[in-house]
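Alright, structures below, take your time with them.
One chain, subunit A, appears in both complexes that follow, with subunit B as partner in the first and subunit C in the second.
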Partner chain A sequence: MEITYWNKKIETIDRDALRKVQLEKLKKTIDSALKTRFYKSRLKKAGIRSGKDIKSLSDLEGIPFTTKDDLRECYTDGLLSVKLDDVIRLHTSSGTTGIPTVIYHTRHDLDKWTELVARSIIATGAGKKDIFQNMMTYGLFTGGLGLHYGAEKVGMTVIPVGGGNTKRQMQLMKDFKTTVVHITPSYMLHIYSKLEEYGFSLSDFNLKKAYMGAEPYSENTRRKIEKLFNIEAYNSYGLSEMNGPGVAFECVYKTGMHAWEDAYILEIVEPKSGKALEEEKEGEIVFTTLDRKATPLLRYRTRDLAFVYKGLCKCKRTHRRLSRITGRTDDMLIVNGVNVFPSQIEEVIMRIPEVGNNYQVHLEKEGALDKLTVKVEIYSKMFKGDLKELDVLKEKIKTELKASIIINPVMELHEPGSLPVFEGKAKRVVDLRTKI
Partner chain B sequence: MKLTQISVFLENRKGRLCDVGSLLGNHGINIRALTIAESPEFGILRMVVDKPKDAVDILKRKGFIAKLTDIVAVEVDDRPGGLAQVLQVLYDNSINVEYMYGFVEKFSDRALLVFRFDSPDKAIAVLKKNKINIVGTKALEKI
Partner chain C sequence: MAKQLNVFIENKPGRLKAVTEVLAGNKINIDAFTIQDRGDFGLIKLIVKDPKKAYLVLADKGYACAVKDIMVISPKDKIGNLSRLSEVLLKNNINIIDSYGFVIESEKKGICYLELNTDDLKKAKRILDKEGFKVLE
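Up next, the complex of A and B:
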């Protein structure tokens, strides 16, 4: 198999040299972190006053973890380490309780992110001759813009269509002979199921590769999609706190995703104790940014569960490989590629006086896609006897939920006392989806 | 001259309508007229009954969401054009009907129409002026 590299030197750097690169960058990262309000006090407590206090990579263990809650508390500028003048973009993502989190980027940060995405694309054997149709949502969600800039950097012909509108996606794939798509696995399956209905057949397309991410899926689903479309599908991993896509990506051998370790220090820890785990042991992924000036993050707990593969990949890249994401340490739901916390739904419902305190979230498959239904009980004092008014109420809740969780839920109004009462929060979610 | 109607919020669940019927029946409440407004997963049952306040209390005690609303009941001749005659008067006077339903009286040649207006007092004045018979609570009890 022909192996291609974007930056062969760094991608195949030997592990000792890589560790030296990491140590040097970590020192600089500590210095930038000390310029933020948040890390200034936190690092001081840990006895770190300068990057020079870090003598070896093992000193990282003395730094406390950073969590999503920390990011929320730092909203908006508690983690900003440069002047706003030097920031050229920011991405916010929904927090767990309605308070968002923000990641700022300087030009340097975006260039580095773009480089990681370019490396990822080249690692799959794609290149400037490819026609790239980006079906991930653009905007604050990092999936769209992240791959977009990397694909342009590589020199691919980019079609920035974004998510949804299946018929138009197919038309573009046909008209421009798209060779590579960036997509969620459930949307890929949805497209397949709609081919006939929209009057297309696979012979209309010239598809060769799919980059699939934003939601967990099994090896079986990958094989199924590869077989259905007669393509190669590559697993992609990223999270907005670590820029977005391009954190870890599969190469042509498709055995785990190479995590770009010159840009991130990767740790796998036991979720409860926070103790480091060895290779092939499943635990929580923890990342430290090494190439981000505006929002450096130290030992960020991703809440994603995975393990690191043992041994060197046949592609000769020395950056270690992450397994598929096997689960979460919290109750986050992934609905058609969008992250949703039950607490976000609760927060919206509690704001609406017409509905009671009891609610339930149902998740099921409708074809290949996820359907999210929110059931609420109406509050008897608010009932005026009008159907129109109930429809208005339904629309109001829907609009507010959409604003908070980005996706459009199906709303159901119920009589008080008709929904089961649960003690624990997690039980409010009934997930009837079969794993793909 | 306004009458009281009961609106009940009902989930589209098997037996829910039956529950309301038997509950009112067991308490000796007589339903004079009813209609159901429906959406895919819930409906609103609207009823004119002989003892509306009692009925609402009973329903609420059993956990139903029930609400009293003012409506106007009008008597018309039970013949072709009977309804149109009333509606014409309302239209000519720009009275907006939010919803309506009707039923035929027993042992008589009159039909009863139940109206929900956005401005009931104005509607009553217009109907009276046009000599359309409005049914009051006492008359209703006799039906």
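Up next, the complex of A and C:
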């Protein structure tokens, strides 16, 4: 198999040299972090006053973890380490409640992110000759823009279509002979199921590769998609706190995703104790940014569960490989590639007086796609007896939920006391989806 | 003014039975009813002898319900009468939210239950009286 690299030197750097690169960058990152309100006090408590206090990579263990809640509390500028003048973009993402989190980027930060995506694309054997149709949502969601700039950097012909509108996706794939798509696996299956209905057949397309991420899926689903479309499908991993896509990506051997370790220090820890785990042991992924000036993050708990593969990949890249994401340490739901916390839904329902405090979230498959239904109870004392008022109420909850969780839920109104009462939060979610 | 009891129900088998069972258990007789459907939910609208009591016994069981003032008129069963009635409402810019009607005695007497979009039902009553429509209490 032909192996291609974007930056062979750094991608195949030997591990000792990589560790040196990491240490030097970590020192700089600590210095940047000390410029933020949040880390200034936190690092002081840990006895770190300058990057020079870090003598070896093992000193990292003395630094406390950073959590999603920390990010939320720092909203908007508690983690900003440069002048806003030097920031050229920001991405916010939904927090676990109504308060979002924000990541700022300087030009340097975006250049580095773009390079990681370019590396990832080249690692799959794609290149400037390819026609790249980006079916991930653009905007604050990092999936769209992240791959977009990397693909342009590589020199691919980019079609920035974004998500949805299946018929138009097919038409573009046919008209421009798209060779590579960036997509969620469930949307890929959805496209396949709609081919006939929209009057297309696989012979209209020239598809070679799919980059699939933003939601968990099994090896079987990958094989299924590869077989259905007769393509190669590559697993992609990223999260907005670590820029977005391009954190870890599969190479042509498709045996785990190379995490770009010159840009991130990767740790796998036991979720409860926070203790480091060895290779092949499943735990929570923890990342430290090494190439980010505007929003440096130290030991960020991703809440994603995975493990690191043992040994070197046949592609000769020395950056270790992450397994596919096997689960979460929290109750986050992934609905058609969008991250949703039940607490966000709860927060919306609690501020609507016409419904009771009891609610239920149902997740099921409608074809290949996820359907999210939110069931609420009518609050007797607020009921005026009009259907119109109920229609308005339903629309109101739908609009407020859409604003909070980005996706459009199906709303159901129920009689008071008809939904089961749960003690625990997680049980409010009934997930009937079969794993793909 | 005539009262109607509107009860919120989920649209699934057994709900009408559950509501009417509560009324029967409390010896409340139903004079008329209709169901308005909105897909996964709807309203049961009831005309009962003692709407206040019916409201209390249903609310006590946890039902979301409300008593609404409605207009009940008893026009003659005569060709063109509904058309005339709606013309009167139109002239006074009153819209009908929901309604049901039927004939009690052929060629003599009908009944129309009207939910109207006006806050001033008394005025609506005066208008209808004036036009010769018999409004029932």
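What to note about this one:
The rule is simple: the second predicted complex is superposed on the first by the 436 of 436 C-alpha atoms of A that agree within 3 Å, B and C clash if a C-alpha of one lies under 4 Å from a C-alpha of the other, contacts with A are read in each partner's own complex, and residues count from 1 in each chain.
Quick note on the criterion: a contact is a pair of C-beta atoms (placed from the backbone, for glycine too) under 8 Å apart; a residue touches a chain by one contact, two chains touch by 3 or more.
This one's a predicted model, so the numbers in the text were calculated from it and none came from an experiment.
Aligning the two structures on subunit A places subunit B and subunit C in a clash.
Look at A:Gly139: by the touch rule set out above, it reaches neither subunit B nor subunit C.
In the superposition on chain A, no contact is made by A:Gly199 with either subunit B or subunit C.
When the two structures are aligned on the shared chain, A:Ile378 is found in touch with subunit B and with subunit C. Touch criterion met: A:Leu387 reaches subunit B and subunit C at once.
Applying the stated contact rule after C-alpha superposition, one finds that A:Ser418 touches each of subunit B and subunit C. Touching of subunit A by both subunit B and subunit C, each in its own complex, is seen for residues 378, 380, 383-387, 390-391, 412-418. Looking at the complex, you find that subunit A touches subunit C at residues 378-380, 383-388, 390-391, 412-418. By the touch rule above, subunit A contacts subunit B in their complex via residues 378, 380, 383-387, 390-391, 412-418. Partner subunit A is touched in their complex by these residues of subunit C: 6, 8-10, 15, 36, 38, 40-43, 59, 62-68, 97-98. Interface residues of subunit B, counted against subunit A in their complex, comprise 5, 7, 9-11, 13, 37-39, 41-42, 44, 46, 60, 63-67, 69, 98.
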